[in-house]
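Before I ask anything, here is the structure I am working with.
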């Protein structure tokens, strides 16, 4: 972490970058927040630990509009989002100084199943330990780092940064799961089971739009659910079909552009596994149109703005059963 | 619909309607003069469903299966495949049904050169 | 003081439901929220905080107001039926009960919101003391005693018994309906439990936040502070904080096209949204900083200014838990505290 | 709020017999915004249209719904009528209650109910219609013809004669194209050069025509009426203004070992060369891959011998940019490669040649000075076999599935010419079918058989086997005689299939013109718009569109010219107003829409946007309404809904959906 | 009687202007009947159809939605239906994933010459929707009201 701060300080002092986009210490070890640092002094609040899950790429949309370069710390998976945003002209590669920062898997405080947590030890970087020591109001406990990781880290895309100006720190490929296992499990369900599953998950939705607003692919200036273009209401409606419509359309709009960064599921206050929508599309795209990873390269043409003359017919859905 | 004709089409995978009657098959055939029914005529026999005449033809035994006609046919009609199919029809008429794949190993005696099997596969896989 | 065995709560709920609609914390798809009770409901009294506050019971996320229909070239207006049957909300924590008090000051002052008033009139609050307060709790800052909630009936879980204390007429009526299931109990045990709770609250990291400088005057002194510019930056402009908040009361009125007319309804709105208070000329708050500032100054300055110093934050800590960027009112309060302004 | 009039047509009894039109009128009057509704036996009649006019005047209608036949039938009629009566034509919507209702349903109640719903959907749509104005764009009064063969020359002359400037871009050093390689032409047997050369001279001399030879189109942008084209003028190394065309340089050039493209490689040419004697311009080019000066730096003979001092080794490629209103593609054809046809021994024996090679052999300016002789030993062939359909009508990947159209006729021509000039030479033609539709074509073919004794055999050749004695053994079949034939021949001529020039994909991409599976350019409509490409302002001439002979090519060239003249005669173009439009306030500038636009109609600009008081420079999509054809692909790609299609807007379609599902 | 004989589904058919709408016209002029339950909305191209339109139709009570366009390769706009094909494939797959009966949505390529195919397609689609019954599950997606 000190290396990151030192490097950021040096770049700020040399004037090469005008500001630093990173994470700021919170009240507790886990409530770190994305933050801009304008001076070397402010960097004393900089932190990089296991709870820095937030994907900073989206903040670069605003940062790209500012004068001078912005130093941004991106984890390997965040770089896919950055590339995708570059492809879509939403961020400017020229105004970013990207420090690819190492990642050993990020944590979710909710996954540390304990009440009254006061401190979590062992989540630092680079010195993260395999066991986290959790101090709570009601006693101490130990939790394995792996168990507290975000879902997305279990299906990690790998430790390579897709874009960077320099790299600091080591990464670990934390992948220990099958990315499409959950999707396949649902696909194998009967229509009734599928329906019941999504019904129960989605009826929790409160339309807070956190999933949308955190999503680097949902970068619209004004979401179609906020505008009157389709007579589609953004807020909760008397008829809540809107909710499912919202999630289907949102997934559709980011299909082929979603890098599977998992931010939507991370931020959902109701714990809805929103990544299952996006991953369904990814799985379909991979199997029907060839393996595709959004953001793996800049300016690649996405599967929904492309075609092959011998593409599968939509009836394949029925035939597949 | 004539069952035999359908069978020949099915076995050969050939659609005789694609033939444009150019005669390149007959022009290419090394056994042309030996045949009573000429290669280009195989196609019309199948098309006209005159399978009896075809299976009785001595052409079945004169065709060398050199596949020149298959190779050169500009329309993908492949008369050589039709005649191959006609031969199979004859064999089936004699009650000698298909060889199922799992029977093959049993029928192989150790003396049989493996190449024979391989060349047969190679030939008929096309 | 009355009590009932924890194991008999199912019977109690069934009994309450005989005469009242009953809402209580129910766990569904892994999360606990207030929901209507039925035999199959997975009632969850252990989770301290439901994701959403119970304000839905009185101020639903969306509710119909009236509908207009075309009939033979004329327009017919039908008002939505007001709540006219009693209902019970069971298990509201002390902070959330205060949240309802905050809403009351908005909706029950002139002009009275009839939809809300009807629900308040028919709703019976059975509050539930906090057994195990959590890190994010800071109700004490606002003078709320998690061990002694307000409400028509107050309950405590002590050991394997639920203690039941009716406080109001409504509460007593409800108690009468379920009297056969309750037995007399010793208030001393409750007092002991309360002491235990209060001692935990003392140890909570945010229990002693200073509210110095907040209140009506902050509207003037803190409006132009450069600190806001720092604080708002990570805000994603989602509505999580407002929708989980027990006191946020803003709503939007919308029309749903039924094909033959419209159904007019209202639904929660969030001051974090860019189209909040969008008017024909545009928006009076054009940046996220302004929207962010609005929310916190409303809680900590404007509302107190209009309501005798009462803050419209109750310290439930839901925003502390749920903000995707880990922004929250505690950080705001502290940021100004640090500067000493 | 719209004031809508609903007009229900009886269509005689076509609609009224199945749909209760009075009931539809009654239901229409209950719809919101409908202030007038009536029925009439024939809405499309003059009287029917005037009723619409009256209602517009009396009731102040702002929108109209006509419940009648398909909009594909009479939408234009009613739109024009509305315009005549002072209403914007795009405020008219049609409810199709004939083809989609009365004609397919028998039950009156059912059909009436459906007609009512269709009417309701149209009313709902009209509520959201907005008056649309056809846009205008200026027309650059200059045309570009790509390809300087007979098709391009004819098109250019016709356009130029009408008084418009035309540029011809030809990639070889001279205009003339395939036709200049031909010896005689069927069915009249006049000499190709004799009829082509005057055309070439006319084009070169025409004040309205500029010819860029040895040049290629590099880049095309813009749209109908306003194309901008980059043309690469390849370095000739010879100053076109100084050169007198004396030809000494070619004579003296020491490098003479390069296959002569014009003679199909049958002989060699010098490194500095003009492709043929009548070349226009008659200015040589230096083939820098063959030139000794360019390869070793030592030589410079041509420069030394040039009296005019025209040789300039320092010339560089030059890119010129020109503006055009229309583009004609006339890039012609070539014969297919025969490397997949081993059985014909082409390439194994020098005496197996293609018909186009035979043209050069027969030509007085050709490699044999016009003497028919074997290329292997120079002997006169006594037995010549022609094989038809080599690579044509072939369904596998060796050849082309289409008929090349010209081979039957030129083979008859060749056979006839040979029999005429060398009566002791036998000519045999193996054919599948002889196809001679065309004026005097079959007569021509019959003359070959009847008057010249050409031996036509119905059947194909299976194999050509070169013999040790230098002859060729042709193994074929006579299907009529039921005989296999083994024929000794001295020469075999293959009627090789023709295909569009291989640069087709590059050009089609530049022009956003589509090509079919055989690489021919697609017409806007195969029957009704055969010389226009689907891309407005791009026209097709010659074999690039499909196989054709000279008269047809010239006819099509003229037709393309007429289309160009018709376009250039306009000062301004009206554009279809039902085009996509981007809402700048919502646009993200993400470029996804541009990816799916088949017409390249979407570009991006950085603009100062005032978004409710927030001013910032934003990258936003801009639709060029002259290029946009209104398909709507972009609208679905746009996640924010910024891109919408006028006339078929999101809200309009949703209103229809709502009305139907109500 | 069983419900199926009484059930009159609401079916929305999006037809592209150049092929399928003309195909429907041809079905009409050839008097090839199909049930009145089908209501056609004209769009310029199958690529104009936004998934939102389809969901909206279901939201508002449609029982089936069918999209007809030019055969792949024959698009008036040359490539529109190829995009439509991918979009609809993914959308239908998603609906299937959510447990909505597949069969309520369909894509069919109908040329201007295929009046018979248009009529047959509509007949079979209506038959399918009648056998599926009213659109309860998509209606049920209205989780709260």
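Labels A, B, C, D and E are assigned to the chains in the order they are written; within every chain, residues are numbered from 1.
Keep this in mind: a residue touches a chain if its C-beta (ideal position, glycine included) is under 8 Å from a C-beta of that chain, and two chains touch if they have at least 3 such contacts.
These figures come from a predicted structure and were not determined experimentally.
Shared contact partners of subunit B and subunit C, listed by label, are D.
Counting hops only between chains that touch, subunit C reaches subunit E in a minimum of 2. Chain E has its Cα centroid nearest to the centroid of all protein Cα atoms in the structure. A comparison of the C-D and A-C interfaces places the larger number of contacting C-beta pairs at A-C.
Each chain gets a centre from the mean of its Cα atoms; the one farthest from the centre of subunit C is B. Centre to centre, using the average C-alpha position, subunit B and subunit D are separated by 44 Å. Here the CA centre of subunit A is 49 Å from the CA centre of subunit D.
Between subunit D and subunit E the centroid-to-centroid distance comes to 35 Å (mean Cα coordinates, whole Å). Taking each chain's centre as the mean of its C-alpha atoms, subunit A lies 62 Å from subunit B.
Those residues of subunit E in touch with two or more other chains are numbered 50-52, 56, 60, 79, 83, 87, 144. Within subunit A, the positions touching two or more other chains are listed as 203, 222, 224, 230-231, 238-239, 304-306.
Annotation for subunit C: residues touching 2 or more other chains are 62, 257, 259.
Pairs of chains meeting the touch criterion: A-C, A-D, A-E, B-D, C-D, D-E.
Residue ranges of subunit D in contact with subunit C, taken from their complex: 30, 32, 612-614, 658-659, 661-662.
Of all residues in subunit A, only 26-28, 30-36, 54, 59, 115-118, 137-138, 200-201, 203-204, 206-210, 212-214, 222, 226, 231, 233-239, 263, 266-267, 269-272 touch subunit C in the complex they form. Across the interface of their complex, subunit A is touched by residues 583, 585-592, 595-596, 604, 611, 616, 619, 637, 639-642, 644, 650-651, 654 of subunit D. The touching residues of subunit B, counted against subunit D in their complex, run 18, 20-29, 32-33, 38, 40, 68, 72, 74-76. Taken in their complex, subunit D has these residues touching subunit E: 70-73, 96, 98-101, 103-107, 110-111, 113-114, 117-118, 121, 514, 522, 534, 578, 596, 598, 629-633, 635-637, 645, 648, 650, 653-654, 656-658, 660-662.
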